[in-house]
Amino acid sequence: MSDKTPAIELKNITKTFGKVVANKDVCLTVNYGEILSILGENGSGKTTLMNMISGIYYPDAGQILVGGKEVIIASPKDAFQYKIGMIHQHFKLVDVFSATENIILGLENQGRYDLKAAAQRVREISEQYGFDIDPNQKIYEMSVSQKQTVEIIKVLYRGADILILDEPTAVLTPQETEKLFKILRRMREDGKAIVIITHKLHEVLSLSDKVAVLRKGEYIGTVNTAETSENQLTEMMVGKKVSLNIQRSEPKDPRERLIVAHLKCENKEGIKELDDVCFTANSGEILGIAGIAGSGQRELLETIAGLHPANYGGIQYVDPATGKLENLRDKTPLEIRNLGVRLSFVPEDRLGMGLVGNMGITDNMMLRSYRAGKGAFLKKKEPESLADRIISQLEVVTPDKATPVRRLSGGNVQKVLVGREIAAAPTVLMAAYPVRGLDINSSYMIYNLLNEQKEKGVAVIFVGEDLDVLLELCDRIVVIGQGRITGIVDARTTTKEEIGLLMTKGGSK
Amino acid sequence: MREPLFHISKRTEIALVKAWLIRIAAIALALVLCAIVTFALTGLNPLRVFATLVDGAIGTARRRWSLLQGTAILLCISLAVTPAFKMRFWNTGAEGQVLAGAMATATCMLFLGNRLPSPVLFPIMFVCAVIAGSVWGVIPALFKAKWNTNETLFTLMMNYIAMQIINYFVYQWAVPKGSGQIGIINGDTKAGWLPAIFGQSYLCNILIVVVITIFIFIYLRFSKHGYEIAVVGESENTARYIGINVKRVIIRTMLLSGAICGICGLLIVSGTDHTVTRDSAGGQGFTAIMVSWLAKFDPIVMIFVSMLIIFLQKGAIEISTQFGLNKSFSEILTGIIIFFIIGCEFFINYQIHFNHSRKEAKA
Amino acid sequence: MITFLQRAVIMGIPLLFGSTGETITEKSGHLNLGIPGVMYMGGICAVIGAFFYENAVGPENIVPFLAILIPLACALLGSLLMGLVYSFFTVTLRANQNVTGLALTTFGVGFGNFFGGSLIKLADADVPSINLTATSSVFKTKLPYDALLNAMSAANAPSWLTAFVRGFCDLFLSYSFLAYAAIIIAFATAYILKRTRVGLHLRAVGENPGTADAAGINVGRYKYVSTCLGSMIAGLGGLYYIMDYAFGVWSNNGFGDRGWLAIALVIFTVWKPNVGIIGSFLFGGLLIIHNYIPGLGVADQELIKALPYVVTVIVLIFVSAREKKESLPPQSLGLSYFREER
């Protein structure tokens, strides 16, 4: 394809945040009339890279060339000047405005303010590329895919011919995804350069001309889609297995503890968050949940914990003493606790949900236990001694136990949270991304804590993103993709590639 | 592109001492400005301004009692709105809730005053005032819980509805008929008047507010309810996560908030004015909002803040009397002081970095 | 009937100024509870300006042009200062809006009453009370349609026609220029908010400052300008009240709760200044209707005066229950915007 001219070339781009290297020596080329996929796991540096092209970050080293000339992109405005438009994962739209109003927002010097003419222009763009949108519809009346369409038109309206889409299909149904791809292909024919960030293999294969793979900030390579296979891409994406030496014991006397059957959840817009999820968590075992971020892991745990409504299906708890079944579905967290179910939950959002950032460790200990005891007053003795215990046993670094936890480092915050949840002597322990953002030592301490719980006969559910960790820590792994379970595998015998393939499967069934 | 002269970032922490130094400096600056304003208006030597101010506030025993009494009432309302504020529920309706309590008290005094013995009368007055205040407070809370109706605007409107209802009754029950005021209720028998203790008619009020202060202090800091309020205020998500029924907490807290306002209405009618008008609360419902916020919702700090404001008001009134000026002089000074304290919070919460020496910071 | 409508309009005009100003401010995401204080400030500054002017030249010798210009400029300046204070605290210093607003009201009302009560003493003037009838009469100049009516009766026009013309003129042409200014400003504001780019940007700032910022809109500047402009318009309400409604006679607390009523009106009109025109006349009517209902006791009148607030509460509940997004308060109303917190 020698007739194509390069739209953007990146040469040896490097970007670090503090000690973390987000991108290292990345080289990329996108031509006009071409779709390039950037493939990588969570945290591989895809979004950082694109943010540098769209002017949100500035690279530490390296060059960016637009149309063959070296440029400096210091702000989104600069990016717009070079006709680069980015469609972010989180839409920036004003809810009560119509599509047109959002599209022209912030545009100056466009002559007279004329909504009708603007709406006409929006219609023209829509027709040109086959968008299906009513320019006068209000954003809050729109589905997610329509909002995304507005964002895309916004970029086109400003005359962009280099489009960057950050995980555009994460929020779409398969049908909507297909529609989007059709539009993107039409744009390609129109000579636009398109970069799409994704981690779904089948999308990469069906849509793009070239694939660039990133792994942990490093640029692995670019291949032509026509010349590659799922297996090759998976291997490039996940890399070779790294041994972590996490200890793992054989489950002792595993018994059914939590039975999830045909669980289905929909959000307000009717999009399926969970679809027919079935699995069983056993006592004395760590059940891993693997999947691309946003595949329904959060909804799954929150539904079990009584924080998210379910539309269909059952969640049953097996009482370890009596073997009696208790239904947990549609119960509030308090009702679940009042049933005598000791369910602990380490949520993904540590300071926004699991802890109160402005309170000290002692007060955070009380979150679970403050109702204990008779009378209207708080009993501070126990939480205080618990705080002391956690500080000394888990080596939490803090000036004192009254210091607001938001001032602690990420690792220490997580120790406080996990410590509290374990102190409740759970029979089921759910942990969502418990080692995200933690240093090595803290991470291992968390693994050890989870293992301890497992040995005590607790049913541990571990949602993770690092496949190496999942493979070494867990006994079984449930793989989830787009709200569906795509496989349940034995962690001792499976391979990274197998999980990687399963992860990218969901939805396309 | 021009580099901005400075940029602002949020502080993660600030030493307690430094924070208080900033606050004290702000108050000092405000006082200096007050003195300048006073000087400009009266020609009074700035030092004499302070002398007159102090004299007006605590010059005589009567003034000292009056200062304590004023502080007690303002503190009481500030305490009342505090639980709601801690929950991030903007109760701007304290004025109306106080008036509801005041009206209920006055009604009891008018119709039951000379018929029931005091030991029966006082509990009835108390219960009526509490119920009236909490009903007035809980109405917006119910709608907030049900439909998330904007509570700031709702409670604000409730104030004026309360005022007009009071006006209605004041005209209805005016003594003498047609005078447009109720006048001193039970002036001869003093039925339903809070008794003087040790000959001090205000002492009873003050003691009741002391009790309320201790109660709120303990309630917020040591009770399970107080803990729930703090969690809901900090993060509704966390509250849901640990199974707190957020709506119930909102309603319960506004019941309490309104109830204490109701008690304050009782203190004003039964313990101070012995009559009721639409101005019974005298705008203190609004001042209290500022007091509570300036004190960072801490009941102990609130004592000092409300005393500072009343001190200033009493002192300013003295200045204006001496110079034949209008009493509203005190409101100007109060406004200045509050502006300074509000302003200084910025310097406590944010940090200003000047950019001239760090060109490399911005790529 | 015509007198009632006429009075309702006159009562409504200060509210219209106030609510138009407050709407502009709220559209930028700032709930300015200081509006009552701002309106007081507008009123008293006009009084101060006019007072010194009248005293300097004597009430008989005032030049109409200056008699209007001086109080007008003073009112605008006073309320602009209040707006600047409010926006400095809430935009630059990111202080709590409710607390700042209430402090502004305390200050403004106190300022008004203080100078209203002490101006004579402070200025060492030799008059018994502040009485600016001369200035007021300039402000109250209305269209000379009496001449037309006189001409009509002189020309022996049919009496029904004369009566009709008189009624028409009384109802629509009998007000001073400020009243028409209020209506024009309200229409202009509605137009700007709805039909211009500036209005679109302003609404975006109030709904979602993060999005507006990302779209390259200078959020801080919009907030400042709208707050200050809103204050100045509200200040005109004070000016109208004192110079037109009150005949130039200042009485302490005479302005009463009109400032809060103006805030109520904003909610009542669901943030639409053009609806505010009718709304303000309606509120004005509710304020005086008791004079026109026969057999109403003084006490009952007071209950009727609560009606505007009750109606406002009902509207507030209604819009929140219906969840129609266009009628809800601007989404980020009351919240400070700090870019790095996005």
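Here are a few things to note about the model shown:
Chains here go by letter, A, B and C, matching the order in which they are written, and residues are numbered from 1 within each.
Keep this in mind: a contact is a pair of C-beta atoms (placed from the backbone, for glycine too) under 8 Å apart; a residue touches a chain by one contact, two chains touch by 3 or more.
Only a predicted model underlies this, so the values are computations on that prediction, with no experimental measurement involved.
Summed over C-beta pairs in contact, the chain pair with the top total is B-C. If each chain is reduced to the average of its C-alpha atoms, the one that sits nearest the average of all protein C-alpha atoms is B. Here the CA centre of chain A is 51 Å from the CA centre of chain C. Rounded to whole angstrom, the centroid-to-centroid distance between chain B and chain C, based on C-alpha atoms, equals 28 Å. Chain A and chain B, compared by their mean Cα positions, are separated by 47 Å. Of all residues in chain B, none touches 2 or more other chains. Listing the residues of chain B that touch chain C in their complex gives 8-10, 41, 90, 92, 143, 146-150, 152-154, 156-161, 163-165, 167-172, 178, 180, 283, 286-287, 289-290, 293-294, 320, 323-332, 334-336, 338-339, 342-343, 345-346, 349-350. Those residues of chain C that touch chain B in the complex are listed here as 31, 33, 85, 89, 93-96, 98-100, 102-118, 121-122, 252, 257, 260-261, 263-264, 267, 297-303, 305-306, 309-310, 312-313, 316-317, 320-321, 323, 329, 333-334, 338, 340-341.
Within the complex formed with chain B, the chain A residues making contact are 58, 74-75, 305-307, 332-335, 337, 345, 347, 349, 352-359, 363, 366-368, 370-371, 376-378, 380, 407. Remark: chain A residues 76-77, 92-97, 101, 104-108, 113, 115, 138, 140 touch chain C in the complex. Against chain A, in their complex, chain C makes its touches with residues 195-197, 200-201, 203-204, 207-208, 210-212, 214-217, 325-326, 328, 331.
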